[in-house]
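Residue numbering begins at 1 within each chain, and the chains themselves are lettered A, B, C and D in the order written.
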Amino acid sequence: MKQLTEKCLEIIQPRPKNSHKGTFGRVVLIGGNAQYGGAIMMSAEACVRSGAGLVTVITHSKNHAPLHARLPEVMVVDWQDEDLIADVFATADVCLIGPGLGLEKRSKELLAFVLQKQDKQWFVIDGSAITLISEDNLSLPKPKQTVFTPHQMEWQRLSHIPISEQNQQLNQYVQQKLQATIVLKSHRTEIYHHTGIYQNLLGNPGMATGGTGDTLAGMITGFLAQFPKDITSIHAAVYLHSYIGDQLAKERYVVLPTEISAALPFWMNYFANA
Amino acid sequence: MKQLTEKCLEIIQPRPKNSHKGTFGRVVLIGGNAQYGGAIMMSAEACVRSGAGLVTVITHSKNHAPLHARLPEVMVVDWQDEDLIADVFATADVCLIGPGLGLEKRSKELLAFVLQKQDKQWFVIDGSAITLISEDNLSLPKPKQTVFTPHQMEWQRLSHIPISEQNQQLNQYVQQKLQATIVLKSHRTEIYHHTGIYQNLLGNPGMATGGTGDTLAGMITGFLAQFPKDITSIHAAVYLHSYIGDQLAKERYVVLPTEISAALPFWMNYFANA
Amino acid sequence: MKQLTEKCLEIIQPRPKNSHKGTFGRVVLIGGNAQYGGAIMMSAEACVRSGAGLVTVITHSKNHAPLHARLPEVMVVDWQDEDLIADVFATADVCLIGPGLGLEKRSKELLAFVLQKQDKQWFVIDGSAITLISEDNLSLPKPKQTVFTPHQMEWQRLSHIPISEQNQQLNQYVQQKLQATIVLKSHRTEIYHHTGIYQNLLGNPGMATGGTGDTLAGMITGFLAQFPKDITSIHAAVYLHSYIGDQLAKERYVVLPTEISAALPFWMNYFANA
Amino acid sequence: MKQLTEKCLEIIQPRPKNSHKGTFGRVVLIGGNAQYGGAIMMSAEACVRSGAGLVTVITHSKNHAPLHARLPEVMVVDWQDEDLIADVFATADVCLIGPGLGLEKRSKELLAFVLQKQDKQWFVIDGSAITLISEDNLSLPKPKQTVFTPHQMEWQRLSHIPISEQNQQLNQYVQQKLQATIVLKSHRTEIYHHTGIYQNLLGNPGMATGGTGDTLAGMITGFLAQFPKDITSIHAAVYLHSYIGDQLAKERYVVLPTEISAALPFWMNYFANA
């Protein structure tokens, strides 16, 4: 097992001078039902502030106004609008599905749709989407372009390893079968990948609050959109998310996830010029 | 009568390293009709920023968008959605009911529902819910797990002691009959409990503005969710709420309740490391 | 003609220790149709931050969500809800009507309602409400409890003095007939009152932007709610509004009205302790 | 070709003392369909903070609440309300059309309406409106009062010059035929005008994110509203937009467009007093 170090942030480099918003990727974020809309809003904030070029959020209509009130930088598509969803998805480079998606009929349809249509897109699969894949035993069209971000209970559902029996050997075994990358979130997040197991030693209990995982998922998505589409971007997002959380926790008992997103551009600038 | 001192904040300790959001409690907040939605929004902000792990707000549909625009960290359930309310309530550790709840038919139904279903949950009962309990003479299923947060007029309704005749002896007498904890809000808030009467000497007239009580109720709820479920958490919330208000009033003629919430994580960090 | 000086801010005194939110007044703000909703939002922000105890906004339903997203501290009533409007108005101490009210049928009905019901309430009449009173030649039930806040065109409508002919003598003459207080807004605002004419020498062209007048109207209302219900509160609100605008303009080319409101509690604290 | 320098900001002068909001122009912004509402919100923020006196946004009803939650300083008109649109447009000095407008039936109708009604108004034509004019080969009623703000693909559509063949000579040739001013956005924005070609050397790749162009369009509109209605205002807006972006990029990896707008009043004050 390897430990992530600050070195993994070296992929955050000064941007090429001759660039435009398309240079930094097209992203689709799918999630947020009528109850859990905040989750996809927090993913979107993380994704935009991490530097993704163009971000569209596909979500329940209830979430349209509050999302835009917080973040005019994204585009919004009603999750019932099938034609528009197909158009937007077709041009995406990276797709995050799951934050606040829920387990209802429409959640399943959207998940089925993107799994069927995945082509060049990298996928980040989080939250309810992990549960749905586990329950319905859905197969991944392109597992090597797929990142799961489960917490321990979601990993139990996906891997069929009870939490109490989860260990690196078993987790690695299941990862090898799935072939997807696994970001197993806990107070010491571990990343399972065909190149090895990576452990993140940063992070703190002030981050143990609703939305921290949604923010991480948004950051991984934003990093895959603009940095290399491989394990190095995942390493950097996981490490930086905790790094910023640790900085903020020096002054805060609880670190709100949206505060991590707000701090992102400043810390990315710091490391790009380090 | 005992006076609260800074010592009561000792329960705010550094968080255990191996923790996750479930460690810090599941909370349900019920309130906010079509007119008074801001009240439950302010409670929710205080609750989230005090460190509760997972917070769901059950409220009138009008409040969904503005609540989420301010606070994506919470989950939201329409107060007409009976099935979902039952599900969310069943897994809650602490329930606050009352801020902006109103006195209408639906307000009464929701109050009746939670009083009927209370099991392990601690209850914080505020605002309109106090009035409804007084008017309909409702009985508490688990008074020792119940905290009332009346101002003097609400206490008159609940205790049947006219404001002009409210004194410590009578208040204590009624508290002993009710068995619930009473946080009697005024410019010098008093707490009535079977272990004694506690007085809070902090606070200032800049806090005399709409929403200050909703914020306090949210803090008590958040503290009960993550700290001991007993009088010590109530002491700490009452004291810290006024302490922060006093700090902010050094520079402000009026202290907006949402400013107290914004400052919470910083002062909790200060006292956790004191 | 007398010039307002810093001395007029002496009414801003430290608050009485034994106070509660009712001590600082109950306010009703009426305005904001489907097009001009921002106006009443800006009045509400100024009123809350000036220290009014309890503030209810009566407005078009479109304005409910954005108002609450900005300002949970207020209560909101749909401007179609006649019963609730009557209830809220009956207990109010001060009523502002006009910011963004519009000239439509419902605007007129609301104005007619409050003019008919005015009892103890002081009135601040702004924007469209001035135009409606002028057009329909409505009479004031209690002119000595009434403050008009016209800009020069609105004053032309109300006084029938063309802008080009407006001068202190004529303005004073009309004020004496009307008996209401006139806050005539311009780059040098003048106040006409039975005790004399007062001129405000502060203010700057960075404040010449939409919403500055709505903010002033909200401040006058908030000051009348908590300070003496007489000309001294009007003087203080007019002077402080420009004073803060001048402070902010040291660093800003344009002073957004909401920035004046945000700074209010700090400057009121400064002068209360001067 | 001439290079823009700080000298072009000399038009930003201290405001005349005897001024009111009408002095600084009446602006209409048209854009924001159900998917792209954030674009017109970002234009509106830039326009208000650049100092335009009175700003009305004509947009899809979905955008009303989030726009007002962010910016109560504007007025809002539903893009279906034909009578009100005609009234508002008739009194406007400058009209921006295009940010997030979309390509649907209503988008086309609104564009056709303003092209037919243009009188004294200066036009800024951005985003989808450029595409619609290109596709339908619409002619400009008053090209010398018209500014296009295309990125390279939109310029390809409008000029029929493929991106790979766009050069100063060809661009200038087409500008001379169109007679409108062309602000050709890229990492080195160029301005084509009958007086010459101007190049902006400022700007940085941290600005390559969704919404940067909408913010620029809002600034150009705001500058035309209050400063001379000629090329000098366009120069100043283009230069200052990049200048502020460069300042913010010293600390940020990504510069959110709304951060440029937030900084505008401070930098305009700086240059007005330089």
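The rule we apply is simple: a residue touches a chain if its C-beta (ideal position, glycine included) is under 8 Å from a C-beta of that chain, and two chains touch if they have at least 3 such contacts.
A quick map from chain label to UniProt name: A, B, C, D = ADP-dependent (S)-NAD(P)H-hydrate dehydratase.
Just so we're clear, the structure is a prediction, and the values are computed from it rather than from any experiment.
Looking at the partners of subunit C and subunit D together, the chains they share are A, B.
Between subunit A and subunit B the CA-based rotation angle works out to 90°, given as a multiple of 5.
Residues touching across the subunit B-subunit C interface largely differ between the two copies, under half of the numbers being common to both.
More than half of the contact pairs of A-D, counted by residue number, reappear in one of B-D, A-C or C-D; that pair is C-D. Each chain's centre was taken as the mean of its CA atoms, and the one lying most distant from subunit B is D. The distance from the centre of subunit B to the centre of subunit C, each centre being the mean of the chain's C-alpha atoms, comes to 34 Å.
Put simply, the C-alpha centre of subunit A and that of subunit C have 48 angstrom between them.
Residues of subunit C in contact with at least two other chains: 65-66, 69. Partner subunit D is touched in their complex by these residues of subunit C: 34-39, 41-42, 45, 62-63, 65-66, 69-70, 151-152, 186-187, 204-206, 208-212, 249-258. On subunit B, the positions that touch subunit D within their shared complex are 65-66, 69. Across the interface of their complex, subunit A is touched by residues 12, 14-21, 23-24, 48-56, 64-69, 71-78, 84, 264-266, 268-269, 272 of subunit B.
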